[in-house]
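Quick heads-up: structures coming right below.
Here come two complexes built around chain A, the first alongside chain B, the second alongside chain C.
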Partner chain A sequence: MKRLMLAIAPLLLALAALDARAQLTIEITQGMDNPTAIAVVPFAWQGSGTAPEDVAWVVDSDLARSGQFAPVARSDMLGRPSTQKDIFYRDWRAIESEYLLIGRASAEGAQMRIEYELYDVNRQKMVHSGVETGPANEARMLAHRVSDAVYEKLTGITGAFATRLLYVSVTRVPGGKDYYRLTLADSDGARPIVLLESREPVLAPGWSPDGSQISYVSFETGRPAIYRQNLATGTREQLTNFKGLNGAPAWSPDGNTMAMVLSKDGSPDIYLMNLSTKKLTRVTRHYAIDTEPTWMPDGRSLLFTSDRGGRPQIYRYDLRTGTTERVTFEGGYNARARVAQDGRNVVMVHQQSGRFHIAILDLVTNRLQVLTSTELDESPSIAPNGSMVLYATKRGDRGILAAVSVDGGVKFRLPSREGDVREPAWSPYMGR
Partner chain B sequence: MRHLPVAGKTVSVLFAAALLAACSGSAKKEEEEAAAAAAAAAAAAQAEQQAASAAAAAEQQRLLDAASAYGNVFYFDFDSYNLKPEALEALDAHIAALQGSEATVRLEGHTDERGTREYNMALGERRANAVRDYMVVNGVPSYRIESVSYGEERPIAYGSGESNWSQNRRVELK
Partner chain C sequence: MASGLVLLTGPFCFMAQGQDYVDVEAERAARAGSSAPAAVTPQSSPGPASDPYGVQPTRSYPATSYGLNRAPAAPATTSAPAPATSGGQNVGTLFLQMQQLQQEVMRLNGMVEEQANELRKLKAQSLERYVDLDKRISGMGPGSAASVASGDNTPSVATAPAQPMASGQGASLPGESDAYRSAYSLVRGQQFGQAVDAFTQFLRNFPDGKYAPNAHYWLGELYLVIDPPDLEASRQSFSLLLSQYPDNAKAPDAMYKLGKVQYLKGNREKSREYLERVVRDYGNTNSSAVKLSRDFLEENF
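Take a look at the complex of A and B:
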């Protein structure tokens, strides 16, 4: 017993030290040419003690990260109003702020309440007001909901700040086995929680359509297997244990079926598993590599990667007719598609001059646009509102996450101070 | 091939002992002589067997040493799962060693970091299976071989560039 404790102790210490440095930070590298100026005034705290979270700062950072807003620096603010009667519009016109967000936060027991109002400075008029309530320990999520409301009011696009990310991080152990961690964090990288830690590879994280469950592949038994895990209860279930590949799990839009890749019958093919009965249906039947299935939002067809034409390209399988058609023709390597909720924009890994970039294909116009310029970009994941693409790239010899807007105009990085970060999976809208 | 002459010698010694027993006149003396001869023959046979198994063990060790001299890692070209000539030579040595034992092997397929992770998982499996198929064709029963792909998840060299990538495109025999 004592020997066991001694053996474990260094491991725990090492992990505790890592966690503090493991959080992702955000570096905006490219914004829009004419971002909208907005002043997000620190919210008044009306509870006892100090505020559990600087709500206004979370909103300020969210809006800045979108690249569409240029929040006014707090040091430039000529006043700190928290109610309408304290607003002097000339103070905000003087610093050329087009919009003004003020608010108040309070707590009653474990419940937090945030009230806020958005003003058009030039028209001198309130354009939106709202209230968010919820557990005080979810203060950051409440703040992200304020960001969502402001973003939607000013851009007409639903915000995706109150969402979460899954990603895999790896800490190298020279000459030994690496540490693989599956981590859940807020959309801004804050509040990371390690869901799974293993000395064997963990990969391909994904979400159930309601955001309550996740799926992934883990090699913890010495071979790959697909698992699903309930985020609220922590219970998990091993879905597959076939000979050969068990990979690329993808939840259907209705949540009842999991598409996956198995090679138990010879070569890698796409299969569907009914999640209630665990019954398998084989979708593709080809000696080529068929992998990386993803669902169209209507659930009627799947996109997947296949090298049946000699090189990896994206194909579409119609589940009703059983027909397969090739989707990508530009370039010699197109793989791992993900589809926006509009069913029109498809992001993928695209090779150009030997380099791997993230590209976006418009299924209506068939126009392909390369969004990134770094060399080893992979694993694109699209925000539920279709505005941004999160992906993995390399900086030096370290894996980091980065994001680009679907028009290529806004870019930011989410570097971690520790380890390699990879395979981001942006959640659907939570609790809607 | 080397076991057959050894076995033949053992059989001929036993046959001589039986002949001796059949030709003797006095029953008691014959019995004693026969018993002595049989004991001598058995001892000789045991010695022969020990020598034979020692020789077999030495031969198996020689095959294992020859195989390990080649190493247990076989490399591949980018996006390819074709076995290279040097890999075939090394595999022949491993196959010879496997044929003298009942050992099981695990083939771990790996790729470099270029390309998508799941596609690389499939490519790593093709590499492992290419090695497996070559071993099966050359007489190693498939039930003794397990192949597992790690795709690009377990690099040997972490950096980018061909000097690192070429070390990572491999199958490891364990």
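Take a look at the complex of A and C:
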């Protein structure tokens, strides 16, 4: 434990501000052919002093990042209405904006309130209105919720902007031991908070299904162990301390069980741990390497990577029948599967002509599509609404995070300003 | 994590591991019978460059050991009957041999999995081909020209009820069969406008006739090919067929057609509803409408 430099969220909240340099910035690299034009007018501030956050700008960036929207530049706006009576539709038709979002933000004590309305410019009609309230220091989260509502109204798909990311960043120390930081950030990479800093590797972060807890592997005791940590209280619990590997924890959809990889009985195999009794059940029993378990959303089967067929491929283990079947057949290397909430799309690392890409497999049609053109892509993590895949890749000699839509049409990067970033884990919907 | 990284460090890890295995085994053998802990973990040192849980894709022996060059295996077979004095060495070779066998089994296992998958795919394909062929052969009766006549290139029309179908148990009414045939001959003669009149007249004369559902179906098709098409009349015909004869063999086809008509009318949501209903309600039958609906959904939604 002496090597553990800092731990546990509450202690670190104060440090969050200091860590702004590790913030991720977003560069959109590929968008849709016909994004919907929308004008997000700066929201009127009705509180005292200056607004704690430019809510409209957060919404603007969220929508732009989805690739499905082309927000109008503020400099092109011919007016800045914040209420319906101030809207002149011809101003917005003139700049060919199809939709118009206006709103007002106010604060009462520590509580913030955002009211907004969405208008269809061509039909000159309000199509949606809403109110978000919450603590003023969560202003960005409130703004993301506005984005979610607008996105859902216009695309029919639940938004996933008001979600969070976990990732590991590594700062190299030439000639010394590296720093590993387990970081929690908003879905746009803003507001990073370091949850754990260690000079020993931190790996495989993951979420509990309700988003209240996280799990990860830390080598802070000199060997790998699986931990879980409550985000609100910072309470941490070491779940395993077995000889050999303790890795790849994956929470079951009901939150009661954790799948993990242990090698205490020989070669790495998949085990299930009952999180209340800590009782272990062995799932796979094979001299090959069985690893990287992940749950199907119905909780009835697990996908995992195994080289029992000579090369790493994805297999599915049915927990009720105890049968194992191979899932991937295309290509000589398919590993680290993650399943979308629809239980149909599976993202994975797929090797093609010697390069590692992120691919998506449709379990119904068995069609596999390679999504990325970068090399050395790894650790795909799928958004809770199934629309985007976040993954780690290399740019130059730096590890960065990048995202791609599940149809491959939209791509953006979230490069860190410092260090290598890896192993992103997209949270489930928060507080729903 | 680092799958790419693993590939780079993989061979190194393997070599280190292989060494570990041999060392541990040799040591164990040297201790001759002492109950040493048997667990051998292929864990590599927990450094940042190693992957503590990732798959090591190159954990195999060099490919040559599988092929004709059996050099690594050869010494094992010759040294197997060696005197017991070199027991430690024997155990070591046995261990290596076992590892080789494991690799071999894994490789074969992979081949079996892949071939089973190929077989599954081939079976599905040949079934599809058979169904397609069967459909075309059964369409070679009087209905063969129908697919051309209706101006619709979907195979569902080929099975359209030119030949009387056993939809009702009762025999056809006097004159019904002839009236149906003459109306149908107009379809074959591509006289679509007159065919519409003939089928309408037919339904007026034999509203509960044995061929009434067929007539409704044909009217639905015909309203789509007349110039200009009458989408609403077509919709009504198909809807009538569905509501009055829900158990008719053409019900799935009519539902599929309703999906198409709604699509042509610009009602994407309704269209989708019908098409999805076909897939849901008739998915376990071998109706061609199911596949057509699936294809249409995939292409247009």
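Just so we're on the same page, the second predicted complex is superposed on the first by the 413 of 432 C-alpha atoms of A that agree within 3 Å, B and C clash if a C-alpha of one lies under 4 Å from a C-alpha of the other, contacts with A are read in each partner's own complex, and residues count from 1 in each chain.
Rule of thumb we're sticking to: a contact is a pair of C-beta atoms (placed from the backbone, for glycine too) under 8 Å apart; a residue touches a chain by one contact, two chains touch by 3 or more.
Computed from a prediction, not measured in an experiment: that's the story for all the values here.
J.: Go through the superposed model and pick first if A:128 touches only chain B, second if only chain C, both, or neither.
T.: Neither partner.
J.: Under the stated touch criterion, name the partner, chain B or chain C, that contacts more residues in chain A.
T.: C
J.: After superposition on the shared chain, which partner residues are touched by A:397: those of chain B (first), chain C (second), both, or neither?
T.: first
J.: Pick one for A:74: touches chain B only (first), chain C only (second), both, or neither.
T.: After superposition on chain A, A:74 lies in contact with neither partner.
J.: Would you check which partner chain A:263 touches, where first means chain B only, second means chain C only, and both and neither mean what they say?
T.: both
J.: Scan A:329 for contacts with chain B and chain C and give back first, second, both or neither.
T.: second
J.: So in the superposed three-chain picture, is A:413 touching just chain B, just chain C, both, or none of them (first/second/both/neither)?
T.: After superposition on chain A, A:413 lies in contact with neither partner.
J.: Touching A:309 in the superposition: chain B (first), chain C (second), both, neither?
T.: So A:309 only meets chain C here.
J.: Quick check on my understanding: which residues of chain A belong to both its chain B contact set and its chain C contact set?
T.: 201, 203-204, 219, 222-224, 244-245, 247-248, 261, 263, 268, 289, 291-292, 305, 307, 312, 333, 335-336, 349, 356, 375-376, 378-379, 394, 423
J.: Contact residues on chain C for chain A in the complex?
T.: Against chain A, chain C makes touches at 1-5, 7, 39-43, 46-48, 52-57, 59-60, 102-103, 106-107, 109-111, 113-114, 117.
J.: Which residues of chain A touch chain B in their complex?
T.: Touching chain B from chain A are residues 172, 201, 203-204, 219, 222-224, 244-245, 247-248, 261, 263, 268, 289, 291-292, 305, 307, 312, 333, 335-336, 349, 356, 375-376, 378-379, 394, 397, 423.
J.: What residues on chain B touch chain A, complex-wise?
T.: 113-119, 121-123, 125-126, 147-150, 153-154, 158-160
J.: Please name which positions on chain A make contact with chain C in the complex.
T.: Touch list, chain A to chain C: 170, 178, 180, 200-201, 203-204, 217, 219, 222-224, 243-245, 247-248, 261, 263-268, 287-289, 291-292, 305-313, 326, 329, 333, 335-336, 349, 356, 375-379, 392, 394, 422-423.
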